[in-house]
Each structure stands twice: as structure tokens, then as C-alpha cells.
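Data block below; observations after.
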Amino acid sequence: MAGNSFGKNFTLTTFGESHGEAIGGIIDGCPAGITIDLEAVEAEMKRRKPGQSDIVTQRKEPDSVKFLSGIFEGVTTGTPIGFIIENTNQKSKDYSHIEKIYRPSHADFTYDKKYGNRDYRGGGRSSARETACRVAGGAIAKQMLTDITINAFVSSVGEIFIDKPYQDLDFSKTEETAVRCPDLPTAAKMIKRIKEIKKSGDTVGGTVTCVIKNVPIGLGEPVFDKLHADLGKAMLSINAVKGFEFGSGFCGAKMKGSEHNDLFNEDGSTQTNLSGGIQGGISNGMDIYFRVAFKPVATIMQKQQTIDSDGNTVEMQGKGRHDPCVVPRAVPIVEAMAALVLADFWLRLRLSKL
Amino acid sequence: MAGNSFGKNFTLTTFGESHGEAIGGIIDGCPAGITIDLEAVEAEMKRRKPGQSDIVTQRKEPDSVKFLSGIFEGVTTGTPIGFIIENTNQKSKDYSHIEKIYRPSHADFTYDKKYGNRDYRGGGRSSARETACRVAGGAIAKQMLTDITINAFVSSVGEIFIDKPYQDLDFSKTEETAVRCPDLPTAAKMIKRIKEIKKSGDTVGGTVTCVIKNVPIGLGEPVFDKLHADLGKAMLSINAVKGFEFGSGFCGAKMKGSEHNDLFNEDGSTQTNLSGGIQGGISNGMDIYFRVAFKPVATIMQKQQTIDSDGNTVEMQGKGRHDPCVVPRAVPIVEAMAALVLADFWLRLRLSKL
Amino acid sequence: MAGNSFGKNFTLTTFGESHGEAIGGIIDGCPAGITIDLEAVEAEMKRRKPGQSDIVTQRKEPDSVKFLSGIFEGVTTGTPIGFIIENTNQKSKDYSHIEKIYRPSHADFTYDKKYGNRDYRGGGRSSARETACRVAGGAIAKQMLTDITINAFVSSVGEIFIDKPYQDLDFSKTEETAVRCPDLPTAAKMIKRIKEIKKSGDTVGGTVTCVIKNVPIGLGEPVFDKLHADLGKAMLSINAVKGFEFGSGFCGAKMKGSEHNDLFNEDGSTQTNLSGGIQGGISNGMDIYFRVAFKPVATIMQKQQTIDSDGNTVEMQGKGRHDPCVVPRAVPIVEAMAALVLADFWLRLRLSKL
Amino acid sequence: MAGNSFGKNFTLTTFGESHGEAIGGIIDGCPAGITIDLEAVEAEMKRRKPGQSDIVTQRKEPDSVKFLSGIFEGVTTGTPIGFIIENTNQKSKDYSHIEKIYRPSHADFTYDKKYGNRDYRGGGRSSARETACRVAGGAIAKQMLTDITINAFVSSVGEIFIDKPYQDLDFSKTEETAVRCPDLPTAAKMIKRIKEIKKSGDTVGGTVTCVIKNVPIGLGEPVFDKLHADLGKAMLSINAVKGFEFGSGFCGAKMKGSEHNDLFNEDGSTQTNLSGGIQGGISNGMDIYFRVAFKPVATIMQKQQTIDSDGNTVEMQGKGRHDPCVVPRAVPIVEAMAALVLADFWLRLRLSKL
């Protein structure tokens, strides 16, 4: 209840700081009988891990998941799936210079005030390293949802964005570039931009778009646990996220009802899909799509003035190895969180009718 | 667990369809010792209720809350607060023409598929009438959070928007106009626009912005239950919402870290507030502000083609009394949901330290 | 989270004090498509209500349940079922003499210390009147579990007990006597005993046994949510309960493994059933049976010395209309709580396999 | 939600099978600022571990807890405490003979039916090995509850029992004998009895009594989450438990109200304590005491007839190293579960008043 669990019937609970011995988690509620492809899990982990290309942080962490329970002879048993991911590259010394410093737009100040103490090494619990556990959990969820396909991709970096509807994109190209943008000319511009930013010691924000196809009708609950409300919470819980919109999103707020309504075809599908595949909080079988805004990484390699825990003004500069832009590595995290939400509602759908 | 409860330690559970005898709810976890001003509750209810002005639906519903428990001699007792709101104006006949029809961009189709049956009168459980219970619950939460002020207002209607930062607005003027926009010249344009839209039998979307001041430091949990993640879920669970952003929001995704970081003053406050009062998921004492996008109401007074539950193509036209634009009445709902989120975290803050 | 909800997927939340306008509750998670027989609900309520015979309290309360939502044209819709039960017979004056008095072995002292105030009228929230909501909730649960039969009965009153195994009893006779003991000679002795006790201004304890037949295999979860653990919690949450045992119970603690093991028949049934129908926390298809101990009612019609909230020693004597023995009216409450537990696990069983 | 978590605000989630690489858990909700004595944790683990004396199973497992997060420089940080306990002594071969066999009064049959598969090695998830994680979690809880003392002890083995009230016992002697009975003459008889039973290849049941002193007033919630209801669930969730009673327990059911009521002293304490320290579900500051019944271990070293998963009748005999009587090792588990319940309510008490 201290906010380290996600999901009501398919529940991921995570633990771990970036500089402890290991991080890990427990997936509770995964049904028995699901064949688990461990290589597929590792493939997801590799998409998130540091050091994968020259536009992300150069930390080297293998990020291999060790499953400790709940899978027997390659199949889930219905019991909780415990796992750990070792922290092999904790250079705690990188952080000794900030032991008492509150870094701007980080969680140092708020943690210290809330808990009365903090693990200052690498952001402690607020480190994005925690999202490795989400990717592991999401990878298991994906293997339960075999019919559903979840495709996230980078839709903008700074001012550079894909100027096409998602229907015109070929998602098989997302992994072809380091930036995970399936529109290759745009991808090239994004990569160039990130390299410039990195060189200047700065960072830049971006957006990730996610498209989910082949969703069964009926996922989501009518009132508080609307499908898009839980998707929104899932995305907003990822480090650095500032906004979420689905379907017509903020543009929809400018439209008229006569333009916005999705008229039905005879088979129950709709002619347009401004609803984003969700009506009244429940999936209608059309594509679900949403967009997530990420702010620029707060750690920059430039001098900034800040304060320490004694209230003194001090000057600091980021050290260590950090991402100049977080969105390429955020793509698998967005997919993982979407998979966790869908898995939860996929199970809950079994409870809706006699 | 079917999604009719909100909050972990300050929990509102609601029930009720628009056309049953009553709707209602239970607030569980409200501490003992809070003096309750019932008139203040009624005042909130009036801000949400139909028929309050000529730019909202003309249904007449008193929407008076009857508290049945948990308050003794004007003070909360620590036991659950049960309440009901009678449905006095259920013109079920208004809906007989849609018994088998799936209205476009409504929840008729998804409910029918999910549950195998539906209460077709007035949208049943998916009716925005359910939000009356949220306003009642939020009004109690507000009375617990006496130091915090929550001010929501209409920031745009269709293409018309307030072109000033919120710091330049006088929130005491929000209630002066029917549209709940504190910038009076903009309010006048919005009202004019809504009247035109209504005349044409159409509807229009808009946005609500919410500013929360005087927030204690430490609200929110580090990982999944980040303060803004729960605020986002709360807002996205309101009928017709398509997007949520806080602080720099989607604009932040275009910025550089050197522009976006909020540098500290010596007292721990920050010189800028692009973080929106939340860092690492935890309130930092600065103003929290966010923006919520509402799509245009789906029920329009124009002819639309649609299908019925037998798969026949039929033509329909909205009847009854509906809102041409939902944002003026959404303002108190946004505030209520924000109050519920804050109340939950305000209690949970008591658990963070020994 | 303040303990007024029961069940994870079939959830009953209750509210209400004995002397407010009404008590009530919300059943969330009841699937769509269950035909509800309202007369069957009322029949359960009558089994619990005061004034039903000359060996129970003579208060007159109709205890009629008014359902406000979630049932449409006689069938559940999958949305929350809200209900209220009006308090028609609140003689608050009966309690004015105890406004400041802490009655021995009641909750007056603990409530006052915990909450800093209390609703002293009729026990407030700690009144057994709250159990009327449990009976209403359980009556709905029973209608979902059409194949399962739940039979509770009074197995002892003070020193008088049924000296036969439950297999020798005819449960169709349980309702034939006011004391709800299906063994009629024992019932006669129990009734005589209760009348003597009542005449002396005293009260007496007793036990209720419950037998559940036709249980599907697989209800219950392996570790913390063992079927018998949740049944135990359910029973222990009923007012005045002091103990719970199932299967061999406390006698089993005296036995040897070679005596206690239930050997299998070829069809998976067992030759004996000391396990009480539950192995490893999961139902095995055999009869579930358990026994619940109720202490004597604390309100006696004799003078007792006690203290008031100022620490003064005072003398008091019970007034009003109270039960001399609680077990006859506890029988439907035990059944209702058992039904709620089974309903929850019956739904959760749907989640255990792919 | 698959029943592997315990507690609402101080939550222990466990994972692990007896024959995987490790078992472990996550404690979520432990406040920041608690100094953790790791040796005290290990001391609790040693009280539960196999091989500690000649009257328990002779398996050798170090059962050392490795904490992976949530504790920094010896103090809790408020973030989740993850831990693992390696399985070093998994002789899977010991179990190959029962791969398809349903052992009598074990969970083999019910697991197989519920999940459609099972990890047959050493009972898989239903193994009592899981309780090692409870002891680890309880050891942390105990260090939060520094003022409260929890003393469990063996009160009976088979027909041999302590014939004194707990007030006459010296709990400092509990650990002096292998059987954990503080009454030394009775302990000697119990040990003799267990050795006889072991020699005959049989097993025997017993009871554990627990006394909790120095409990703050106000722990527990009024309705479903009564303190004794959660204690009962906690105990009933321990492997092999068949019954729970607190205060007067089953004896109380035979008493009269005039005998059973606990009259107050002027300071709010009571002259007697048949209530067992809990009134209306809430602690009143007096000693809490309860008794837990354990059945005899199902694995006996005698030949038994049983069936396999194909429905064939087969003969089997226990192999490996099992406990002849479970209660000596159950003592620290009972204390751990009590500590977890108290920790949860101790935190929740902070939420009851403004």
C-alpha cells in the first residue's frame, strides 16, 4: 500500500534501489498454464538496458532477469513469480559528491522531506533503474496476451516529430534505428538532434506513441477503473512523464460532437476512431492508441546552482553516464506498462458475466 | 474490485444508475473529528447540478445529498459515511426510442458486449450522473484538507482559450459567469460560442485547468502511486476526458533540460515551476497545476446513422435535455476528484516515517 | 481501508449506525446475468430480524432491504448493487443514560479511545445491527452460488449441545424451532435454558455449526488467502465471536497423523473428512464444516458496577430490549458470511488457469 | 490478489517454492527511520529452521535472509524491503517417487485440480518452507513495535498440556527446551511423547498459545477488520492450523454474561480479561492472548494406500526428513504473523483521528 504494487488481479510488486545488491519483483495472479519464453523476456530487457547504442547512457549493465519461482518446466504454475535483476555496475563513488545536495528537478528534496532520510546513490528508489522490473513483469504479461500486439515508438524528440498518422507507419522498422522511430527519415533527424544535445551537455524531451491492436471487446471497468484511466496512471507512473492523451486527446477538446462521433459499421466496428478504441472506459475492439510526453532528463552536464540539505547554495554539475534523451529506452517501458494494464483487465473480464 | 471504489485509505465507493431510485456512495477511511459543514457540501452539489444556467442541460434535479451515517452531532465519527442522492427526474420514456440502439461514441455497445445486458435508460451506470457522488465525496475530502485550496476553471471551449498564465487570473471570478472561466472577456466569448453550438444542435469540447495551492510537502508515493499518476487516473476516470498533463505537460517534451530544470531558492522553493509542484511523484510544496481535455458530448440534436443490437442500420437523433458543452459543469468534478486524491495521500503521509 | 469492506472480487462494503436514518451497503463485483429473487432476500432478513420469537430481543424492526441499483428487470447488470435498510425503531432515549458510561465488555471504551468521540446510541457502529447488511449481501451471494448449499444451525447453548455428528441431522428441521437447532429434543432443552436465563436477567453463549455441501474443487488460494483462513476471518468478524475451528479443529491437535489423514477413494473423494473439505487451503469437493463460538451477550438486566468517561465509578443496569442468547439470530449471519467468502473465491477460481 | 500478500498498510508479499533456487518476499509500507538489527532477524530465523534439535526434521538449511533493498546504513528508508532466502538443500530426488501421487491430507490433489499442473517437489508452494518468509517479515515488524512483547509457546502436544494459566508461566524459559514449552516438567513429557511418536513413524498435533503484552489501545477496526479477525486469519493461514480462539474462546460459549463480563477498574483496565484484550474488535490495552490448533503432520513414515493422478490405487510411504510434530517450530511463525497483524493496525491507528 506504499505504492510499490500495480494491478488488482495481475499484480506486479517491485523493490530495489539502483545501488543495492539487486532489484526485483513479484508477479502475483499470473494464471497457471502459460508457456514462458525466457529469451523473449531477455529481448525485452535488452531494449531497455543502458549502453545499447551511442545515443543512450553508456553505463554497462547486463540486466539479466533471474526467475526464482512460479515457473516449472517452462510453464507458469499459478503461484507467484519472483525475480531479481542484479546490480552489477553500481559506482557509488559517482554519487558521493551529491550526498547532501538536492539536484534540481530530481526527487532528492522531496524524498528527504517525506522520509527524513534518503539513499542518495543514483537516485535510490527514484532511479529509473526500477523500470527494469516493469519490463520484466510486462514481458510475462505479453506472453499471456498472445493475440494482442502492442507497438510503441518514438513519435517526437524535442521539436522533431513524425508528421503522419500511425496507420502509415511500418512498426517492423521501429527497432531498426537506435531512436526507435519507425519513420526512418524522421529517425535520422532525431538521432542527429540527440547527438547535438549530448555534445552540448544538455538533454531533450520527447513523446512516445503506443498502438495496441487486436484487443478483445470488454476490457476496462465503467467508473473509476476505466481502461484509459488505468493506462494513463500506468504511463504517468513512469519516470519523467508529464502528460497522457488517447484517441483524439487534447485535439478532441477543440472539436464538435458532429465531427468527433465515431459512426458504426454494421459489424460494430467504427468508421473513424477518435475514441481511441475505448468507449465508456471499455475497449470496443478498435485500435487503442495513446501518446505519452516525457520531459528532458534533469541531470545535465552543465553547471547549475542549487542547494544542499543544510540550505547552503552550492554549484554542481552532472557526472557519470546519463541519457541525453530518455524516449528511445522508454519505448519498451511504455509497452510493458500497457501489457500490465491489459493483463489485469483481461483477467477481470472473466468476472463480468455469470 | 469492479472499479467502483477510488482511493486506498480515503476511499469513495459509488453506486447507482441515472434512472434508478437513487444513486449514492460510501466514504470509508475519513478520520474522526472533522467538523462537517453540510451547506458547503450542498454548495458544491449546486455547482455540478443540471439546470443551473442557460448553457447547460435544462434537466431539473435537486441533487441534494442525504447523509445516513458517519456524522454525529456535526462531526465525523471515523465510521463510514453513507449517503444517497435521489433521482427525482427520471424521464425513462425519453429513452425508450434507444432501447436497442447503440448510440455513436457512447458506452451502449461496449456495455452490451461486456455484460450481456444493459440498463439503457439514460446511459445507466455510464451516465455522468454518477459524478454527483464524486462531488459529494470530494466535498467531504475538502473539509478535511482545510489548508489546501483547489481551484479549477474552464481554460478553453473549442478553439477559444485563456491566453494568460494562471498566475494572472483572479479565481474569485470563476463562479461569476455560467461558463466558469475567471478571465471575463474570454468567458463572454466562450458563452457566445456555446450558445451558437447549442443552436446548431451540436456540441463542443473544452479543457479544465486546476491549480492547487498550499500543498504540504510529501504527498505521493515514489513508484506506481506517484501523486500525478493518481491525479491523472482520477481525471481520466471522469466521463468524456481524453487527456491529462501537469506542469510543463506536452510542451515539456519539446524542451531542453537546461530550460526545464527548476532551480532551488534557499528555502527549498523553486524559481520556476515546470515540475508542476511534483518531483519524483511527491509534492514539493509549490503550486500543483494540471490541465484536462474533455471531448464534445456525444449526444447531438442532429440526425446520425447508427446500428442497433441486431446489427440493423438505423437513423437516430438525440432527444431530451443534454449539455452542449460539458466543461462548465466539469469544474466542480475536477476539483472533487483532486480533493479525493489529495485526501488519500494526506492520510498516507502519516505512514511514511516512524 | 478502514475495514468496512469484505471480499476482494465480490466485495461488500457496509455503512451505518443503529440509530441513524438507515444502514446499507454496496455489493461490488457481482457479475451480470444473475436472476435475483427478492423474496428470498427478504426471507433471509426475517431469519435475522429482532422480534421473531419469544427467545430473542423484542425490538420491532421490519428490516426490509431496498435495492437502489445494479438490478434491472430482475437481473443483475454487473454494476454495483446499492441498498439501504431503514432504521425505523431507534429509541435513542433508551440510551441517554449511558451517554458517558463505558458498559462492561462492550466497545464503548475502545471506540472512545480510538476515535476521540462516539455515537453512544445503541452501540453506534459496533451494534450488531450492522449484520443486517451482511445478511442482505450474503443473500445476493447465495443466489449466485446456486449449486452450493450452506446450512448453519445452533449446535450448543451454554452447556447444552447436540451429541451427534452433523451427518445424522436433518437440516430441513433447523427452522422449525425458534432456537434453530435441527435436533428437536436438544432444541427443546435449549429453549428452556434460554427462557430461564432471560428470566434471571442474564445471558448465555453458544455455538453455531455450519455445513457447506456441493462445493466445487479449487476454492481458496494457497498461502495467505486459504479458504479456511478467510472463512475464519469472516466468522471472527461477527459480533461476539470468540473462536473458530474447521474439520477436526481443536480435537485434531490431540490426534496422530495415522488417525488424522483422510485416505482417498479412487474418484478423489476421501474415506474420512477430518480435513473439513479443505486441503492446503483449497476446497477438495468434500463437505466443508466449521464451528463458531459466541460469548454471552454483554448487556445483562442485572446491576453492574462500571466507570464513565470521566473515570468515575458508577452503577448501571441494562435497559431496552436485548437478546438473552445471540446464537439463534446468528445462524443466518454465519451463512451470509460463508456465502460472501465462497462467492469471492468462486469468482477468483476463474483466474487460476489460462 | 492471488493471496500471496498479507496486510493492508504494512504488507508482506511472498514468493517461492521449496525446491526453486530461492524463496523471498517484499515488505511494503514499512516506515522510514526504523533501526534494523540484522542479528535479531537471524535469531528469529534460527528458531524456525529445520535441524535445530532432535525432535524436529533433520534437514539442514541455513535459512539466512539476504536483504536487497529498503535498508540503508542500518535504517529503513521507507521504500520496499526486498529479501531472499536461498534454498540450499533441495533434494529433489526425494520426491521423484511422488511425482504423480496424491499424498493423503496434503495439497497435491487440490493444487492439481485448481491449476492443472503442480510443482510436486517438496509440496511446491504449499510447503511450509514458505513460512520462513513470514518469519523474516515478522522480524522486521517486531523491530517497529519496540514496546509490544509477543510471546508464543507450545501449550499442548497430543494429550499433554500445560494445566496452568499463562500468568503463572515464565516466558524466559520458553527457549530453554527443544519443544518451546515454558513449563519445564510439561516440556519434558512433551519431548518424550514426540520421540515415541517419531520412533513409531507417526506424527502428532498440538497447540500454540500466544500472549501479547503492552499493546496500545485502539488497534483494530470496528467491522470486518476486527483485530481478532485478522489475527485469526493470520493464524489460520499457517500450514496445518485447524482452529483459533482468543480470550475465553470456546469456553466462553458455555458461560453466562454475568460471569463473562470484564468489569472496569477506575483507570480503564479490567478486573478480569475474558475479552482477551479486545473489545468490539479493538485492543483495550489488556493482554491479548489466543490459542492455535495444529493438526498432526500428514507425512508419516508408515505405509498408506492412496491414488495417483490417473486414478490408480497405489501404496506409498513417507521418505525424507519430516517433523514428527510441528508445534515447536510453529512458535516463531505464530509470533511473526501476530507481529505482522499488529504492525498493520499500529500504522492504521494513525489514520483514525484528525
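By written order: A, B, C and D. Residues from 1 in each chain.
The criterion applied here is as follows: contacts are C-beta pairs under 8 Å (C-beta built on N, C-alpha and C of every residue); 3 or more make two chains touch, one makes a residue touch a chain.
Fair warning: this is a prediction, and the values are worked out from it, not measured in the lab.
Colleague: What chain is the most remote from chain D, judged by the mean position of CA atoms in each chain?
Modeller: Checked the centroid distances; the maximum from chain D is B.
Colleague: With contacts counted as defined, which of the two, C-D or A-C, has more C-beta pairs across the interface?
Modeller: If we tally the contacting C-beta pairs, C-D comes out ahead.
Colleague: Between chain B and chain C, what is the gap in Å from one C-alpha centre to the other?
Modeller: The answer is 39 Å.
Colleague: When the C-alpha atoms of chain C and chain D are each averaged to a single point, how far apart are the two points in Å?
Modeller: Here chain C and chain D have centroids separated by 26 Å.
Colleague: Whole-Å distance, chain A centre to chain C centre, using C-alpha means?
Modeller: Spacing between the chain centres: roughly 46 Å.
Colleague: In chain A, what residues contact two or more other chains?
Modeller: 1-2, 4-5, 8-9, 14, 29, 32-33, 78-79, 114-116, 125, 222, 351-353
Colleague: Write out the stretch or stretches of chain B touching chain A in their complex.
Modeller: 1-6, 8-9, 14, 102, 104-107, 109-111, 113-116, 125-126, 130, 156, 158-159, 197, 202-207, 217-218, 220-226, 228-230, 232-234, 236-237, 242-250, 252-268, 270, 274-276, 279-284, 293-300, 302, 304-307, 311-313, 348-349, 351-353
Colleague: For chain B, which residues are in contact with chain D within the complex?
Modeller: 1, 9, 29, 31-34, 78-79, 144, 222, 347, 350-354
Colleague: Under the touch definition given earlier, write down the residues of chain D that touch chain A in their complex.
Modeller: 1-2, 4-5, 8-9, 11, 13-17, 20-26, 28-29, 32-33, 66, 68-70, 72, 75, 77-82, 84, 114-119, 124-125
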